[in-house]
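Got some structures for you, see below.
Each of the two complexes below includes chain A, the first together with chain B, the second together with chain C.
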Partner chain A sequence: MEKLISLEIDGKEVKAREGMTVLEAAKEAGIEIPTLCYHEKLEPYGACRICSVEVERGGRTQVVASCGYPVEEGMKIKTRSERIDQIRKTIIELIAPSLSDGGVVGKVRELADEYGADTSVFMSTFKATPTRCILCGQCVRYCSEVVAANAIGFVGRGVERRVVFLPERASRFCPTCRECYEVCPTGKIAAETDGSIFPEFSIDDFLSGKM
Partner chain B sequence: MPRINSFAELEKLREEIKTKRDPNKPCISVSSGTCGRASGSESVYEGLQSQLEAQALKGEIDLKRTGCLGFCERAPLVMIYPEETYYTKVKPEDAAEIVQSVKEKKIIERLLYSDPVTGEKIVRESDIPFYKNQQRIVSGPNRWIDPKNIGDYLYIGGYSALSKVLSQMTPDQVLGEIKKADLRGRGGGGFPAGRKWEETKNALGEPKYVIVNCDEGDPGAYMDRSLMEGNPHSVIEGLVIGAYAIGSHEGFVYVRQEYPLAVENLNVALEQAEEYGFLGENILGSGFNFHVKVHRGAGSFVSGESSALMTAIEGKAGEPRMKYVHMSQRGYKEKPSCLNNVETWAAVPFIINKGSDWFNSIGTEGSKGTKIFSLVGKVNNTGLVEVPMGMTLRQIIYDIGGGIPKGRKFKGVQTGGPSGGIISERYLDTPIDFDELTKIGSMMGSGGMIVMDEDTCMVDMARYFINFCCEESCGKCIPCREGLRVLSGILTDICEGEGKEEELQTLERIAEVMKDASLCALGATAANPVLTTLRYFRDEYEAHIKDKRCPAKVCKNLITYYIDPEKCQACMICLRNCPTGAIQGGKNLVHWIEQEKCIKCGICYQVCPERFDAVEKLSGEPVPAPVPGREVVRKKE
Partner chain C sequence: MIGISGIVSKIVDKYQEDRGMLIQILLDVQSGLGWLPKEVLTEVGKQLGVPLTRVYQVATYYKVFSLAPRGRHLVRVCMGTACQVRGSPLIRDRVQQLLGIEPGETSSDMKFSFETVNCLGCCAMGPMMTVDDGYHGHLTIPDVEEALEKYK
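Right after this comes the complex of A and B.
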């Protein structure tokens, strides 16, 4: 039998199974924590940080990503606070310029409204071409962990990071799969491929950054 | 050399090495770390070698390459044993004279270090102020050892700590000693090494791994490089001792590819250690087995972060992962893994040999032992310094570093690399240890110490570190990647005179979110240079924004080059060197700058002869109108 753990989320007594994350425990208890890079079929990734919550343990408060933080006996979680709201607002504002090309719509728009984020505040300092990709890595991880095709990957580092199709793998798997269309939260993948037949990939496209 | 199969055999071998060596035989040693080699130590070595041959003294005088001696400012460095005569800035042409002088037991005055204040010539290394005020424990043996010769390490007592541990101590006793010594991780975080070892030891899961982090990447920092190049056996010995305490039989050394000499010397050392029986199966006949693999990094700063480093060793891209479960519980391949930095491992044999009480007697309440810093930037004596914890910044910069060059004024010191902060003059008397530096907004980090003088613009400096992290962040999490992007954008605007006052608050707000919500320590600390400069040098930010003035006269958009007509002697030098033809005037005619053509490259400022000193940088003040065709007023010589 799995061990049951009691914890407190937003003042509510919650029971969770050992090994669960705070996010999963909250979900089961009907408490919503926003996410952008989380996908229930995938391993916790912890990249968007929008699911940050405050954890109180032994008198110390710490901000953690709820998607990866394991539940512990007696822990106290706050899913909303001034500090958390500020974090979420700032994250939305920071990611918005990447999306500005297609407009900030969908989930990010909803979150912006919820947390009072000004999606244009960092537009002038962005100084890069909006990619419509928030680098949540769901496509990359889904392609690897669920489809096991490994046709999508990251290249570049820091502000140069981007998602690419890996030519040899993509030309083999993508034409008949396209599951990443559904996974992509910004709709970039579906919008940028023609939808009928996946383009032929060449190593040149890959190296030149066209893909 | 057959493997050493017992502790007695090791001591027998050591005795043999000692008997064979005559301590009075002259030896010329050349400091041959990467820094020495960059200054030409290899040609000095070759010069000495051919001179020894030419003068037929090969049998009478030994010659060897050692690791870095630390005083990089004066490289190439040559030491003559047994007298410990210390020669600086040696050239290959000096070789004949050096060999001659060693033979005749004379001293070459002109190659000695001369005190810049008193002019006094100093013969011995230990009398030079740069060394006199240091306590070189971990870095000290570098001067005795040819890193490619295990015999040198054995001669000075190498592997005796390992022998002691395996023959006389239980793993728990070793662990207890390290815990008692209160050794804190030298790589940056200052986490107690003993606690990390214990957590790994007690963690469920087999096998357990021990790992050396030699992915040093802070700008201007090279402590680990010098240890790995100069004394790799001390790191290996520390690692095997740790493995024994933890119960690990497999380890890794993660070393950056950009350190070719460190990789080379490490590999030679590992081979020799294996051959002699300090590694492999049944070490020193104790029954303990331990194997090490070298993993070369692929040029990534963030791979120095523990979870990223372990991911990289697994063969994946070196990106950090969430560490809510410690690496000591679930690290490399999800198994308990203990990662310590080079300097931490290298301290272990000393603690074992001399005891935790000895180690505890050095340093401060919360930080024991010594720490190696790389003292660089605007300081006279650049190099690696090892000092007891608790020494003040002032002692390091002035007593050891010899102060600021050219009589310039001290402005700040950056400690802890891109994750650290820039500390102002009023904190110069802060005793440096892990906790004190954190209190004033910086951190110990791995020991980088970049000194800045009045010609350094603090906004520009903050921008430099932020841009460094923009490139070196893995880009995985939003607060770090996008936060750095915005910080860089705002700082660039300020440096270009386009900054707005309210943006200072934005900088602080983003920095706060990065600190709270980033995935790893790189993101959580990346904004420190911004936060500390805002805290200690806010007036500089304000000058850039409100007065469009760069007080240090660094930010191009905010400065104007101007030729003082009273000082200009119409020597034509700047006029000829200006790449855009912006300088007007001519022979006997005072030169002046056509501002529309000026690209602010600063060449005129650099080439104007010091005795005229006519080119000035102006910032935030009106530029006097030029008077074309004005005749020069000759200065009386």
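Right after this comes the complex of A and C.
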């Protein structure tokens, strides 16, 4: 018998099993927390921070990423507050410029509207190339953890960080898989790949400086 | 003559095929070859059981790794904060002028590769430049020519 933990999320008493994350406990209780890099089949990654929530313990509050934070007995969670909304709004505003090429659409657009984010506020100061990729890593992790194909991966760092396909792996696995098309929250992969080859962003494009 | 797989397996064995030593292994391989050709990355991945995507992720993340052939001598100019305020942009420009190549490039005779780095770890000696394993600190513009002359 697994140990049950009781905690409070947005004033509601919630029972969770030991080892669950705050995000999973909230989900089970029907409380929605927005996510961008979370995927139920994947290990928590904690990259986007959009799932940040406030945890109250001993009269002090702390902001944590709920996707990777384990539940504890008696913890009090707030999934919406002025502080949290401000954090989410800023995250969306910072993400928006990398999407500007394809427009801020889909899930990020919905979140921008929900949190009143001004998606153009950082456009003029954004110096990198808009890639339509928010580096959430869902495709990379899905390809590695679920499909075990390792055909797509991260390269580079900082503003030059990109997701690329390895042609020799991709040609073997991708034609019959393409599950990352669905996983990508911005729709970049489906939009920029044509059939079984990946001309827009392979490792060779990255190394030759084309992207 | 030992092939790539022989070179790699010797180094991989030295680290007991420990995946956590990927960075150290790549550094060792690179110190022998000067750079990391694709065949080497593939071989390291294969022997360690690390996916090639992961090997590329690490190899492209760190500036110390080069995925393109490098010249016989590697010139690194520090562009860290301390060196910057002491005039490292002038040092960089002088190196560029003397070697005729920009940061990130290799001269066509394969003699020199030139890079800028963000810190060489000896800020008190700025402005700093290294040529291969030799450190040159407190540089002035005339010093640059003198330092490079030895390697020509």
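To be clear about the criterion, the second predicted complex is superposed on the first by the 197 of 211 C-alpha atoms of A that agree within 3 Å, B and C clash if a C-alpha of one lies under 4 Å from a C-alpha of the other, contacts with A are read in each partner's own complex, and residues count from 1 in each chain.
To be clear about the criterion, a contact is a pair of C-beta atoms (placed from the backbone, for glycine too) under 8 Å apart; a residue touches a chain by one contact, two chains touch by 3 or more.
Every value quoted in this text rests on a predicted model; they were computed, and no experiment measured them.
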item	value
First, second, both or neither for A:20, with chain B first and chain C second	neither
Greater chain A contact set [chain C / chain B]	B
Chain B versus chain C as contact partner of A:140, first or second or both or neither	second
Contacts of A:64 with chain B and chain C, given as first, second, both or neither	first
Partner chain in contact with A:157 - chain B first, chain C second, else both or neither	both
Which of chain B and chain C A:169 touches, first, second, both or neither	second
Which superposed partner A:29 touches (first chain B, second chain C, both, neither)	neither
Chain B and chain C footprints on chain A, overlapping residues	154, 156-157
Residue numbers on chain A that touch chain B, as the complex places them	44, 46-50, 52, 63-65, 68-70, 83, 86-87, 90-91, 94-95, 98, 122, 124-128, 134-135, 137, 154, 156-161
Contact set on chain C toward chain A in their complex	51-54, 56-57, 60-61, 67-68
Residue ranges of chain B touching chain A (in the complex, touch as defined)	300, 302, 317, 321-322, 324-325, 469-479, 481-486, 489-490, 493, 509-510, 512-513, 516-519
Chain C-facing residues of chain A, complex	140, 143-144, 150-157, 164, 166, 169, 203, 206-207
